[in-house]
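To start, the structure under review is shown below, and the notes come after it.
Think of it as A, B, C, D and E in the order they're written, each chain with its own count starting at 1.
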Amino acid sequence: QESTVKDATIAFLMPDQASTRYEEHDHPGFVAEMSKLCPSCKVLYQNADANVSRQQQQFNSVISQGAKVIVIDPVDSTAAASLVKQAQAQGIKVIAYDRPIPSTPADFYVSFDNKEIGKMIATSLVEHLKAEKVPTEDVGVLEVNGSPTDAAAGLIRDGIHEGLADSGYKTLAEYDTPDWAPPKAQQWVSGQITRFGKKIVGVVAANDGTGGAAIAAFKAAGVNPVPPVTGNDATIAGLQLIISGDQYNTINKPSEIVAAAAAQVAIQLLEGKTPKADTTLFDTPSQLFKPTLITAENLKAEIIDKQVNGKPIQTAETLCTGRYAEGCKKLGITE
Amino acid sequence: MTDNAGNHASTGPLLDRADERVKHEAGVGGALRAFLDRVRSGDLGSLPVIVGLIIIWTVFQSLNPVFLSANNLVNLLFDCSTVGVIALGVVCVLMVGEIDLSVGSVSGFSSALVGVLWVNQGWPVVLAIVAALIVGALIGGLYSFLFNRFGMPSFVSTLAGLLAVLGLQLYLLGSTGSINLPYGSPLVNFGQMLVMPYWVSYALAALAGLVIFLAGYRTAMRRKEAGLSSQSLASLVLRAVVLIVILEFLAFYMNTDRGVPWMFGLFVGLVIAMHYAMTRTKWGRSLNAVGGNREAARRAGINVRRVYASAFVLCSTLAAAGGIMAAARLASASQQAGTGDVNLNAIAAAVIGGTSLFGGRGSAYSALLGIIVIQSIASGLTLLDLSSSLRYMITGAVLAIAVIVDSLARRSRVSHGRA
Amino acid sequence: MAEIAKETAREHEAVLSLRGVSKNFGAVSALTDIDLDVHAGEVVALVGDNGAGKSTLVKVLAGVHQPTSGTITFKGKPVTLSDPSAALGLGIATVFQDLALCENLDVVANIFLGRELEPLRLDEVSMEIRAWTLLNELSARIPSVREPVASLSGGQRQTVAIARSLLLDPKVILLDEPTAALGVAQTAEVLDLIERVRDRGLGVVMISHNMEDVRAVADRIVVLRLGRNNGIFYPDASNQELVSAITGASDNSVSRRAGRRRAMQQNSEEARP
Amino acid sequence: MTDNAGNHASTGPLLDRADERVKHEAGVGGALRAFLDRVRSGDLGSLPVIVGLIIIWTVFQSLNPVFLSANNLVNLLFDCSTVGVIALGVVCVLMVGEIDLSVGSVSGFSSALVGVLWVNQGWPVVLAIVAALIVGALIGGLYSFLFNRFGMPSFVSTLAGLLAVLGLQLYLLGSTGSINLPYGSPLVNFGQMLVMPYWVSYALAALAGLVIFLAGYRTAMRRKEAGLSSQSLASLVLRAVVLIVILEFLAFYMNTDRGVPWMFGLFVGLVIAMHYAMTRTKWGRSLNAVGGNREAARRAGINVRRVYASAFVLCSTLAAAGGIMAAARLASASQQAGTGDVNLNAIAAAVIGGTSLFGGRGSAYSALLGIIVIQSIASGLTLLDLSSSLRYMITGAVLAIAVIVDSLARRSRVSHGRA
Amino acid sequence: MAEIAKETAREHEAVLSLRGVSKNFGAVSALTDIDLDVHAGEVVALVGDNGAGKSTLVKVLAGVHQPTSGTITFKGKPVTLSDPSAALGLGIATVFQDLALCENLDVVANIFLGRELEPLRLDEVSMEIRAWTLLNELSARIPSVREPVASLSGGQRQTVAIARSLLLDPKVILLDEPTAALGVAQTAEVLDLIERVRDRGLGVVMISHNMEDVRAVADRIVVLRLGRNNGIFYPDASNQELVSAITGASDNSVSRRAGRRRAMQQNSEEARP
């Protein structure tokens, strides 16, 4: 269903490199949908590398290049308000993507909900612990958050707090990982293992990188079995750790779906239509997608078997290399 | 001991032209020939960096014609100003052979402070800005205390400062994450849209040329009177005219779009003031001397500690100013402000512009030139659709190329014995 | 050691006087119990072997080093020279052996370092004229005073350092081997200069290894040896006397060399018909 | 010209004790007295840093008794090794007065390379490691080419390298983000758990003392024979015994937990090798000379370019090695590896340990000491529950305090004329 | 200019010879069209005013600077001295005026810099012994050879630099004001040393401002003035002759000073009864 819009320029501004999703999933997904809807349109892609002023620069630059719609995943949700104002003053539409822009309503908002993600991984871990009948007294979980200077990490942290709040499990200690750097997370978790030893019954880590680091810390300390560790982003490394039984869960955000939705909204805005909204968040018409929680149980169904844009999220070949082949067999991914 | 200065104006060779081994050229033609000589021997000042810059601009323009559009250049000027002011402070500490790794943190902290005091606490904006500048100055004062009193290497003290001040910034913004500065307030307008009225930009361009000419003329007259060699009137006029033409053209080109940002005007004003201070005041002399040979400066009776202190304080204060400008530009004081590559960019701008890390060599203009190089690369690359990995690689490569020209020129200067 | 007639013409109170000054560097005692007096209008030559402690003594007087013990009296008042600016403030100007110039600055800037004309708007023209005047007075041949000092020859630098010290109106001038790198003409100018400033009533301390120069201008010759006072001589002391005070032995390489040369000359003279 | 070395052993004062102005002390008591003298005059080597370290340890131990537990110390040793190896390379470039800002990127890139070649491409692990080290060396080679051929300041070339290599790393890992290194593989075991068998650690501790004693004894004998002053047998024995006792105790304490990690052994081995190379080989002499006075070294016929090249190459290679070790420790090659504060930590470790940024002063041990200081602070703080903002502030403050001791000592050294 | 008898005893081919060598630094011509020959077993003294270009010439010969034009011939073969190691490789050892020592290294390390014994396991003991021997030969008084050179006195450093140059077995030694900072005893030793190496058949170029020293050891005296050759003299030339070649005028500050002093002495003698 090709649109009537021709030759428009649309910008797609992503925030950082902390996970590969933006360049591996969001951007390709957006471009794919766009080329279906409007083959003559031009998509400008930029990644701000977690730098607010660079994002501002990129924002100005795409305006100079004649972008009429800007899809932005803000590095700093609060600071992006001025960008929205600036664009809207020039008649340019802004779609907030992934992270909301609370103080100034954008024209539309499509997203997975970061706070929800935090809550999901935490709740899932708690349920798992309860199912395993881990007692709540005298033990607790560690919480490894994202970068202290990253607003998205703050949202995830809030979600995790919510998820852990009434679980009965104490939070033994929590840590904001500078720059999301796994080595820092590892060093911190190692320290906590020395401190709390067997008291640690689980780790809520805000992404797969820090989760993997927590696992490495346990392995290095000779803890066996490793207590359940969460993750987020469904990276290959994270999925493989789930396959090998080292990591408990991760979050799959089939970003292609959200990206495609953003593309559709962008075209509708260009056509002058009002895109259909599910709900309104921060005065912004919004469309929210629910991420999927991945554990060993549903990994095959959600990652290998489910098709997004005609291809699976990951293939068995990429995941089941080398020492993961065995785990794959156990989960029924490969024969 | 004797005091018979002046009145050598009689006959014979000029006072400073007595040595027969030195070739001298006179008049406009002579000035040109001397210039070519200097090009050949590699004594070029900032010319090589400018050549590097022109190469970069040509390449980016050919890749995307938006690059040299007035609109994009105006954005470039806005973006240069914030880190540029920080780099200007860095030039000061580099001049004395020290370093400040915490300029990024200090800039972020001062923006947070302005946000908290102004928006959250309701102070008048001017007071908030002054408070932030004072706090910046105090941080610099602390470094200079650690340096002068304990001899702590500035690399270590400012690294500690980097961490501690970042902590303060996070602490200040802790509950809110980031604070939006009110849109439409004078500060935000200044950072985002305020440009000079056209006539002001034209007038300033003309003024610059005029001042250069008058200062040159006055000096030339005094030198002539005193029996020293002096620049010819023709070459003075030529220089002033060329300068005015270039500046007026730039102003005109910017004025086809929004115009010249006041923020950039402030930056250039600070650069010029700093240049004056560094070259034409006793303080600047001391700065150069301490950077060149600390012990010699001390033996000349210079209060070395005070010079260090002034450099550190100035650097932190300018970093704070740069941070406030960045906050104005972004209309927000955020936790990310000042993190990431602000530090490295500010120091790199100074170094790329030609200021030495080892002290005693540098100029205020190096901050201006260096930051324009860095921001041109950044801006040029945002106009190309590149993945982050490619962007990093290309930024690195372009940076190296931009500096190779300068390095080669400096090399030839060394081989001509003028390092 | 001979008395000299001029003695009475000079003031008797010393401008600068040291008592029992010692200076240790770690385990090395560079100076031990040094006494020294400098009167106004007097040239005191400080001589001694390499490493005898002459430069250390000058640095103590210039406020560069703090003495480990001992007292310094300036115009009758005990002073502590805690740093060079204190010494400069009292009117003690110094030409250091290692010159202490800023290589990155040009000649004018070096000469006026720390005492620039018009702090807020340097008067470059007047400074340049003054610099040329001073340098010409010293017969220096410097191609341009606007080149950094790094490009000057050894002697040119030394001239610049000497020119520096003449700028203020000092009470005492300390010259640490001021003519070591100078050409014959420049040396003559500097010796003239020393006599001129002496005649203007300044106290001068000059260090030199050149006995001829020393004898030419000095009113008193103070010998240091291994960081200790080793006698005071007057210009009419014999070379032999001086050298053995300096080297600590009358049989030293200087006398041996002189002896050998005499022998050779005699030989060749005898060999000639 | 003459060649009558040796056989001064007859009578009279020793060859190097002829100067009556120098106080000398003999025997064990004398050695002690000389040591106290040195303490008083501030000539202390690494003692002040160690004092600073002890202060930090005491404070952290009193805050949380887990800090000095063997378990935590073993973790500390593991963590020190990775950045420590990088810092060791940084010492090399600092020695010649240059800097390498890209060590972090290079370490991250080499870990990515090992991940890709080994895990994804199926190369044998040793080959993958060798390939990564070679690529590291090539990067260093490129810097030295830019430096020697074009005279590009290393600050700029390595800044460009930082960006370009980071781009390469992102590109390599682009499709996967991060690569898990297989648990149980020898490399990961090496990085995570491999410790020395108890007897090896005890034997190595004893060996160290023995080697020190024998080398000292041999030198003392040769010096005595040649008529030079020499250390007394008693003081040699004393030193060796003290060293052995300390090392054996440390080994014993570590062995109450897991034991001494081989990775730390590798690090210390590299430090000792580098120390030997820097102090006892012609290359090390050249490194010191070039750092102290480049022109003097050149005039002495040293191939200055080769020395710079060796420093840059060694630095990048060690950075690559450090990156591989970090990947082994984390069991993962990730996009974040080497970013963040790895650069700054590595350079800071070298500087805190006492290596000068200006060249010509430093030692391999500074990397060891410096990284222990930094990691002790980090480790101590992980044991306290602190918010990020407080953590940053305290890290900064503790860092400053740790270095103040050293700075004070160095100051007193200057005032005693031994800077 | 007088002939000397020893002439025939020497080899006639020059070890080192320069033709038409010029060197410009930017707008300054430091050397213009210099010709110079150094024979084996000959001491050539290079004299000239400050800034005459002597050190520049030595640096050209040592490979530190590349000449702008002109040819250098070593043992009959034209050579390009592209860097100091090329010159050292040919056997040209140099003591520079600015000494070129590494202040951060100790005396032994400086003396042996670039030619350490046993590259992979420095033989510190032998090096130290050798260093003491060399230094004692030069009558140096150095407290410890294990202190960094930074703590040495000016003369001690100069001795270290001279000791350095003796280490290799050079064919030609270039000495740029080797005795400027030396004490009387050390100067005598160095002059002795120059004669010894000359007698061993080496070519020696010595720069000095001390005419007495020059005349004492030089076989030929080459005068530079403002970067140009200004005549060749033999040791028996009069002081007057030499000085006016150096300063370029027979009425110069040296002669004026000498005249004044003579007048004064006569006055005072006349005044005496």
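Basically, a contact is a pair of C-beta atoms (placed from the backbone, for glycine too) under 8 Å apart; a residue touches a chain by one contact, two chains touch by 3 or more.
If you're wondering where the values come from, they're calculated on a predicted model, not measured in any experiment.
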Chains shared as neighbours by subunit C and subunit E? B, D
The chains touching both subunit B and subunit D are A, C, E
Looking at chain pairs A-D and C-D, which one is connected by more C-beta pairs in contact? A-D
Counting in whole Å, what is the centre-to-centre distance of subunit A and subunit E, each centre being its mean C-alpha position? 75
Using the average of all C-alpha atoms in each chain as its centre, how far is it in Å between subunit B and subunit C? 43
So the centre of each chain is just the mean of its C-alpha atoms; given that, what is the distance between subunit A and subunit B in Å? 41
The positions of subunit A in contact with two or more other chains are 17, 23, 148
Quick check: what residues of subunit D touch more than one other chain, meaning two or more? 21-22, 170, 174, 387-389, 417-418
Would you pick out the residues of subunit C that each touch at least 2 other chains? 25, 28, 141-144, 151, 226
Interchain contacts (touch definition) - all pairs: A-B, A-D, B-C, B-D, B-E, C-D, C-E, D-E
For the complex, give me every residue of subunit D touching subunit B. 97, 99, 101, 146, 150-153, 155-157, 159-171, 174, 344, 347-348, 351-352, 357-358, 387-397, 399-400, 403-404, 407-408, 410-411, 414
Residues of subunit D touching subunit A in their complex? 64, 66, 69, 71-72, 75, 78-79, 82, 119-120, 170, 173-180, 182-184, 191-193, 258, 326, 329-332, 334-337, 339-341, 378-379, 382-383, 385, 387-389
Could you pull out which subunit E residues touch subunit D in their complex? 62, 64, 83-85, 88-89, 94, 96, 100-105, 109, 113-116, 119-122, 124-126, 128-130, 132-134, 137, 141-146, 150-151, 164, 166, 193, 196-197
Residue numbers on subunit C that touch subunit D, as the complex places them: 25-30, 32, 65-66, 226-227
For the complex, which residues does subunit A have touching subunit D? 17-20, 23-24, 148, 173-176, 178-184, 186-188, 190-192, 194-195, 208-209, 212-213, 215-216, 219-222, 233, 235-237, 240-241, 244, 246, 318, 321-323
